[in-house]
Amino acid sequence: MPISQLSVKAAAAASPAGLDKVALETAAVTRLLVAEGILDYSGHVSARVPGRDAFVVQNGATSRAEVTPDSMVVVDYEGRTVAGDGQPPSELAIHLQILKARPDVQAVLHCHSELAIAFTMMQGVQLVPMRARASRWKSGIPTHPDPSHIKRNEQGQALAQTLGPHHAVLMRAHGLVLVAESVQALFVDAVHFKENARALMEVLQAGASPLPLTAEEIAQIEKMESRDWHVKKLWNYYLRKCLAEDLLPRDWGAALIPSKEMMRR
Amino acid sequence: MPISQLSVKAAAAASPAGLDKVALETAAVTRLLVAEGILDYSGHVSARVPGRDAFVVQNGATSRAEVTPDSMVVVDYEGRTVAGDGQPPSELAIHLQILKARPDVQAVLHCHSELAIAFTMMQGVQLVPMRARASRWKSGIPTHPDPSHIKRNEQGQALAQTLGPHHAVLMRAHGLVLVAESVQALFVDAVHFKENARALMEVLQAGASPLPLTAEEIAQIEKMESRDWHVKKLWNYYLRKCLAEDLLPRDWGAALIPSKEMMRR
Amino acid sequence: MPISQLSVKAAAAASPAGLDKVALETAAVTRLLVAEGILDYSGHVSARVPGRDAFVVQNGATSRAEVTPDSMVVVDYEGRTVAGDGQPPSELAIHLQILKARPDVQAVLHCHSELAIAFTMMQGVQLVPMRARASRWKSGIPTHPDPSHIKRNEQGQALAQTLGPHHAVLMRAHGLVLVAESVQALFVDAVHFKENARALMEVLQAGASPLPLTAEEIAQIEKMESRDWHVKKLWNYYLRKCLAEDLLPRDWGAALIPSKEMMRR
Amino acid sequence: MPISQLSVKAAAAASPAGLDKVALETAAVTRLLVAEGILDYSGHVSARVPGRDAFVVQNGATSRAEVTPDSMVVVDYEGRTVAGDGQPPSELAIHLQILKARPDVQAVLHCHSELAIAFTMMQGVQLVPMRARASRWKSGIPTHPDPSHIKRNEQGQALAQTLGPHHAVLMRAHGLVLVAESVQALFVDAVHFKENARALMEVLQAGASPLPLTAEEIAQIEKMESRDWHVKKLWNYYLRKCLAEDLLPRDWGAALIPSKEMMRR
């Protein structure tokens, strides 16, 4: 049964408003990531359902550019599909095992970013924070050695272990995982992760010695930074852009755009 | 006589459903390759007609972005046009000789990919599998030395010989040939071939020592891989994208998109 | 109160035509810079209000792609918002302090150009004029060391000091400021700044020794150059392009496009 | 008086059909070059008027994306505007002096191609034929040393002298000139020139020793090549593409697209 019908029926029981909201946001962020060239024919976003021991992830068969809330399936932390139509993507273990291992994380992105992959193919080169916004990844960006499809729980657990307490993990010859405190923050991180990887790539390609952010610079950046405000600003910008370009159904806008009040500082 | 009329008339004799289907699929894959920037003003796709000693290829005069099933000509393995309007492209010998030499191959792409060409212009540099999906080309990617238009059968035979048992052959200063078991698989290979070539190019341009896939990594990738499912997933994604962007006539969709059942695993 | 209502009301007092015009031009140049990929989710343009001790800058909450004259706030040289709805962007200090320090400057752009940032991350590499149009920056392009958000007046003053008498300043790991004699000239400078940075980047990435413009070449270029005509030509081109692509409201055109007479030499 | 009215009036005297045709073709090729990113805010195409001692070039004030036959002015070989509205571009001397010096040339393109400019900024690097289609430039691609606006006849003469008998000349830190036997061939050359420059750039950026076309390879390429057919094929492709994307007025198509008969070999 599609989620939209389910949550109406289940209104009394669980947290349908929460499920509706997270399914819509996850569908929206998937389309935004397609629009930004971060997702294409594969990759997926998962997000915890508030007030429920479960998360949403799109079913494996739906085109990323056409995802709707009804493309979502609800999966519990044993990996069982507990609601929604269709089957979760074959790489479910990525999301399941990371969400289990990291209670602080609310949303997970797995994608096949060209730039991120490149940083797993160069002997002795490490992706590090170059641009101001990349202070987010100051604790490090590890690389997981398994280059294959992550289908099994053991593979997902190994990946979660490589991720450790960090916010990003590269996957050798394959892709990338990002984790964040919300789907909105996850989207904004994905934009900045790409910017930062491109920055280091440009510098390396210029044959120059890169000058990564120093610890002092990171401290100064963080002193002047408001992550929450910044996430709202970018979410507002990209959401409106996609709505204007009809990459999102127009009627999603009202539920997704931060209210005018929220945008005032 | 255009193929669409022909196959109706010839319905009793040969395998018109097969011809209709392969002509439509070949036209569609041509347009998808244009949309992805893999074909542009030249290059072509050929595909065997099931149940008949012949293959389809577009006539040379039609713009790649406007190809329809009626742009196809049917050519037998002597190189004679046996059905359809117009003449085959001047580089027919590429398709003819490869299809003759490789009974396992159902579809052939010839294109002028910038990245592929670059790998024929660099002293001592060999294009190798870097990204997980490029395990497809683990047996090697040879380079054919003839940089000219392949118009003569001897030239086509020499090219087929350089290709040998592999799935790809670079053509010095000129282009690329890919071969696969279906037009859908051919399209997906073309997408991944480009990704892989770009990956190695990026790494070389960064001045780093590339770390190609090892034999162990390829074995692990193949263990977790389902080529058929993957081909269907990407075909579905790109076909829907092109339909949504009106790069394909809307009424082609029904005949081309894998049914919902097929998309369930 | 939005500027459009304000200036009608204040028509007798100050210079409403001037305010209307500069608010419209600043909104237009912001959208043009978005269309050219120079602004995106952040960055802003400021411009002095003629006949008034104040300048306009967009409020911080409006998406750059949707800015209108009513998105502008009027700020005086003490940093107080004296008209318009909403609050100035959090990096107001950039504009305020540069406009205070540089009476010759009428318009200021702050953006996060990828290429400009790259030139603050490479040991021993200096961005210099390569292409003919970059003679504009012959006096030098300094780099400001503070990589953080410029929120405080002291930070803005330090930035203005690094800018000194030049027309551009890079901001370490963060972005760029350009200054010019009008918003139109500022836009044209932004286009050429990007071209020039990309030119040097391409050359460095090719592993070649760059050949920057010599003093003699710059003298020859300036002898044959008409900056005013050139600014009008490019403004006309980009404005019409954005109007044609509906990136600007159609009814802005009449007020913004140089008249046919102006375009005659 | 605009050309469209002029040629009707002058129908008895000169060669109005010729003027109409060349003005339309020159307008069309200008828009095609904009669509391909080869022209943008500046640059221009000139073409001889058949049966008349004069050539057409667009007036300097019209946006390149909006050029029509009526944007053309007719200029004689003394540089006098003899028909059409507006003034020729300020760099008229480029076209005038090259058309005077090279009776074999029918059409001239001046543009500011980023890639071409890059090859005037790298110590000891020479742009040479890499890709098969670049055999066109086997005689060499000289670089003209004057980086400034070419406004004076002496500057144009010096440029024509550097061009000599070749088909292309780079202009230091400024741009490029291509010459050909027709506007259609000029367009196709522009596409291939860019491809070839990008090919060499990619190879250099990969840090590899480039392998340019050898004399033997060029001989083999030319043996198999039909320039006329190739020009028609590409003209057909790009013209239809621009018509389909509404970058050219639809009613230009009939006059510009090679007839079906012409497309048959």
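Should a chain be cited, it is by its letter among A, B, C and D, assigned in written order, with residues numbered from 1 in that chain.
Just so it is clear, contacts are C-beta pairs under 8 Å (C-beta built on N, C-alpha and C of every residue); 3 or more make two chains touch, one makes a residue touch a chain.
Quick caveat, the model's predicted, so the values are computed rather than measured.
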Chain whose average C-alpha position is farthest from subunit D's own: A
Cα superposition angle of subunit A on its copy subunit B, in degrees to the nearest 5: 90
Subunit D against subunit C, contact positions shared by both copies (same if over half, else different): different
Inter-chain centre distance, subunit B versus subunit D - centres from mean C-alpha coordinates, in Å: 33
Multi-chain contact residues (two or more partners), subunit A: 205, 207
Pairwise chain contacts, counting only pairs that touch as defined: A-B, A-C, B-D, C-D
In the complex with subunit D, residue positions of subunit C that touch it: 130-132, 191, 195, 198-200, 202-203, 205-213, 217, 220-221, 223-225, 229, 233-234, 236-238, 240-241, 244, 260, 263-265
Residue numbers on subunit D that touch subunit C, as the complex places them: 40-42, 60-61, 63-66, 86-87, 90, 114-115, 117-118, 120-125, 146-151, 172-174, 201, 204-205, 207
